[in-house]
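Next come two complexes built around subunit A: one with subunit B, the other with subunit C.
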Partner chain A sequence: MVSAMENAVNAKSHLPVFQYFKNIYLLVVSILEGMAVTMSYLFRRPITIQYPYKMEESIDTVLPPQFRGILEVDLPYCIACLRCANTCPIDCIAIDLEKNAETKERFITRFDIDISKCMFCGLCVEGCSTGAIHHTKIFSGTSHYIENLVLEFVDTPVRPFKKPKSMEDIPFDKSGKIAKNKLKDFFSPPEFVIDHRKGEKYTRRVR
Partner chain B sequence: MSNSIKKEDDLKHLKPLTSPFEEEMMLNMGPQHPSTHGVLNFLVVTDGEVMHQARPNIGYLHRGIEKLAEMTPYTGFMPYMDRVDYLAAMFANQAFAMAVERLAGIEVPERAEYLRVIACELNRIASHLIATGALGLDLGAITPFLHWIREREFINDLMEELCGARLTYNYMRIGGVYADIPSGLPDKILRFLDHFEPIVDEYNRLLTNNEIFVRRLADVAVITPIDAVNFGLVGPNLRGSGIEIDLRKILGYSAYPNFDFEVPLGKGFRGTQGDCYDRYMVRMLEMKESCKIIRQAIENLPAGEHRAKVKRKLKVKENEFYSRIESARGEMGVYLISDGTDKPYRLKIKTGSFTAMSIVEKISQGLMIADLVALIGSLDIVAPEVDR
Partner chain C sequence: MKELADRLFLMIFNIEPANSPYLALWYALIIFLASFILLNFAALFAGITSFVERRIAARIQSRIGPNLVGPQGIIQWLADGIKLFLKEDLVPKDADKILFRFAPYFVFTGLFGAFVALPFGYGIIAADLNIGIYYILAFTSLVVLGIIMGGWSSNSKWALFGALRSAAQIISYEIPTGLSLMIVIMLAGSLSTQSIIMAQGGWPWEWFVFHSPFTLVGFFIFFTSSLAEGNRVPFDLPEAESELVSGYNTEYSGLRFLIFPMAEWANMWVVGALVTLTYLGGWQVPGVSLEAIQSSLLLILIGIAIFCIKSLAVVFIIIQLRWTLPRVRVDQMAFVCWTYFVPISLLSLIGTMIWMLIFPWETIIGTVIRIVMFGIGAGVTIWYLLRIRYNYITDKPRFERFKEAPQWYPPWKMP
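Right after this comes the complex of A and B.
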């Protein structure tokens, strides 16, 4: 029926009066058509999620396993090859190694990742031969102080890991427990380190 | 006192206009204007509603990506290429990867090429969703944009599953792709396409055939085929003027020669050829073509390696190459000069949005200010891609 009306209107469309009414007709029809589409969504289920208040599943199950979240280091499995620090395009990973003069053993004394600089590209994870450095599913780490976003993974100096021949035996916990412990509260002030030589307070931002 | 002002005003009114430019004034549109798609500035010379000139003023989003390339190794530069065009990061990834592969003589496995095509075409749909939706948004149609954002969210989820990120994918690597496609993902993509194709028709009812929307775009800012070529337009903007240039067809790079698809052209769907509506329609039709390509690619996905073996510290012999691909915004080219070290000597990125900016000044003469918004929206300008 609509097409018949349209044909009738088109036939006389050269007259300005008919053009005027045709315009009004087309406008009303197209608005009603749009309204009909919108109306149909009134009776469908909403696709929005009331994050974080009403979640059907927890966020860990929603995110895919490849998700590139905040980095963490499983330090006992780090072989201290410095490959991650070298591949990082913006140098947000800082690793310090110290050699004991007597026993000639190497120790990892610093493994800092500056999350405020990290762009979550995943190139460090790709280069890691043991999988010690990996992404977690944590994506929120806001802090009042930018210094809090430097995650320091070394508490006490550790020996580098010696890689066995079969790598499948190593169990990896990628749930993000380590990084979660390192992330500080939003308002907690940064811990200053005192440089004894200069007598200044400074924070360990990776530069 | 009030009398004197009145007299002056009266005189001004009575004075005959010797030239049409007498009342003109210069206005700044942007950089914080909602319809300039990022930080862009237009110096608009107007006389009332009608513009005499609109000169784009670019450079607000310049981040020096080309200079950064000279300090970053080839393997570590891929994340920066994501930032060239954040709405279609896959294409920048691929253009750079292709340039380095060609210079270093690396052969990409066929499976990787297919995975690249799938990722790129998904990305093309996502980019066109923003382009067509934001065009409606600029002209006052808010609802269709939200519908398109909803569909794009599904693509983002697929991308997240494919490469771990939603916007800055960093999926391509020199010699292949970052990871093989997860086992359940091809079915998910097909399910999304089954859901998406009817939605396009619904969207046509909502916006494309809406008479107000058509009148705002049809016969507005017509770019003739000659102008389009002379100003170096690329991609959907060029095809909107009826010129059939699609690098996927012409160059047949990656795995594109294996697929059967059409190149939609603007032919004056509701007005003259090369108007804003044609450019809009070309993008709408291209989305359906992309769906076709993805279906074929998933069906014929070959088995094998997803990544060729590349040295960890890649050194490229002294040479130069210009690789170009068909991005969502037209030709994206990477001109790479290597000098034998592990870092590029010079990298030049050519983007589609930048060339599209050049024609704004010519086409905008005699347009209304409100139509400038339609013109910018139909050219699909993304500010970071203009400045890089």
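Right after this comes the complex of A and C.
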């Protein structure tokens, strides 16, 4: 419709009279064609997922595999390369590594993801060479306390993973079990203890 | 209406109405009742259409639409109305308070007044004015007064822009509307809405649309320019959301705001009924003569049903157009009106005059031409249906591959 009118304003190639009637023809035909398209949509299946009212199957199967939900870290397979922490544009991943002075072994002592800051861009997932950090299909999580939105994946310090020859050996657990576990006490108020390692000023949340 | 009131009076009280002292009271009661029914019809139609439109729009966009309030969301419109009813009625600090408060009533009166002359069936009309069409055209012009009042008095640039656009638009499109209505008035030889319907017949080739190529053109011009007068998409420039926040009703809230969209939706019925009665044969039942309709209550009821179905079909097309076409620009709006609609409607007015002289309505050649015109109309409709089928079928394999579910989901199947 619009292009027909544009042509009418800048009629160059045709006789004005011819153009005039051609515009009318284009106007009518294009409107009818457009209406045929919209009308055909009345007979098509709507693609809305009526979450959470009418679900034929569980939401996990309905969501596409590339869905970017809350992040999860499969800590035993993290090689502690810090790539994810460095790529994150808004610094919501914090990883601490500590070295045992005697055995010279390194330990991951902290792997926190602040999902209240995370924008689910997926950059951290792309950089991870082992797939230890990945998106789950969990998207619904509310908490009364913003502190609860910091997911702490390290319970006890772990050794970084040694990368195997072939990536197929890494058994991924993408079911979101770990993240779900972390989100369990979403509604309970966080408890704080004084972190003695960092001095009186710092408090640390306990789960 | 007067005969109906007299007949009812005789039926209920068994007294000749002419020699009863309470006749004036009875008339007042009937007038009150009729306007009560019409007002409720307009309000209910506006409400329910707002819901139906959202459902249709949703399906066109592969969504579902409001479906949570009541079964299938059927009382969503009531919830919206109550919500707006409970909102605070704000008047901007620098607004012209009196005009601001009055504007919605002008809009509403302008539209509701049109319902008085709209017929529903044989004899079912609030007032069969002998200047019915003229009255409707004149009365609906009150709407633009309300819009300009509302826009100007809100003391907001968006509202003022909307009001100015509305003024420009309605004044330009009044001309093609009037000219294309003249065609019908000429053919029927009357301005009364009922006589215009009576001049047509039940079968499609007895409608005024298919009288000649010129009336077919006149039909499209009338339909489009009444869309423009009712500020419907693609001519919703006065309330262009993407440009003017909400246009002339930006500053309104609560009940006063509610009146504007309500009037807009009620106007859809006015457009639908006007198109039906002028060009699409009104309440005429196919194959039944006028005398038969007069004498049978059943046929009158069938006529009402036919009229409603035709009007609702037009309303559906208005809704579908809204969700198909983009909004035109202001210059395009004026351009289309003055270079296409006005000259073409003038031409078809003169053309119809000549046509009426050469091929009178009752002659054989006139009938043949009408049937041929109907054939053309039916051909275009069939082409349209085939295009719908084509669009559906071309997308089907892709849809079913991606969604792994059958694509067929007709509108009567509720999600």
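The rule we apply is simple: the second predicted complex is superposed on the first by the 140 of 207 C-alpha atoms of A that agree within 3 Å, B and C clash if a C-alpha of one lies under 4 Å from a C-alpha of the other, contacts with A are read in each partner's own complex, and residues count from 1 in each chain.
Note that contacts are C-beta pairs under 8 Å (C-beta built on N, C-alpha and C of every residue); 3 or more make two chains touch, one makes a residue touch a chain.
Only a predicted model underlies this, so the values are computations on that prediction, with no experimental measurement involved.
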Request  = Examine A:T156 and indicate which partner it touches, taking first as subunit B and second as subunit C; both and neither are also allowed.
outcome  = neither
Task = Go through the superposed model and pick first if A:H135 touches only subunit B, second if only subunit C, both, or neither.
result = first
Query = When the two structures are overlaid on chain A, which partner does A:P89 contact: first (subunit B), second (subunit C), both, or neither?
reply = first
Ask   = Just subunit B (first), just subunit C (second), both, or neither: which does A:G122 touch?
value = first
Ask   = Where does A:L42 make contact in the superposed view: on subunit B (first), on subunit C (second), on both, or on neither?
value = second
Message = By the touch definition at the top of the document, which applies to A:G34: first (subunit B), second (subunit C), both, or neither?
response = both
Task = Look at A:Q50 in the shared chain and tell me whether it touches subunit B only, subunit C only, both, or neither; answer first, second, both or neither.
result = second
Task = Look at A:T103 in the shared chain and tell me whether it touches subunit B only, subunit C only, both, or neither; answer first, second, both or neither.
result = neither
Ask   = Intersection of subunit A residues contacting subunit B with those contacting subunit C?
value = 23, 31, 33-34, 36-38, 47
Key: Complex contact set, residues of subunit B against subunit A   = 72-73, 75-80, 143, 150, 160-165, 168, 170, 178-179, 182, 202, 205-207, 209-212, 312
Note = So, in the complex, the side of subunit A touching subunit C is made of residues 1-2, 5, 8-9, 23-24, 28, 31-48, 50, 53-54
Key: Complex contact set, residues of subunit A against subunit B   = 23, 26-27, 29-31, 33-34, 36-38, 47, 63-68, 87-89, 119-123, 126-127, 135
Message = Residue numbers of subunit C touching subunit A in their complex, please.
response = 56, 58-64, 67-68, 220, 234, 317, 320-321, 323-326, 328-329, 332, 335-336, 339-340, 380, 383-384, 387-392, 395, 399, 403, 405-411, 415
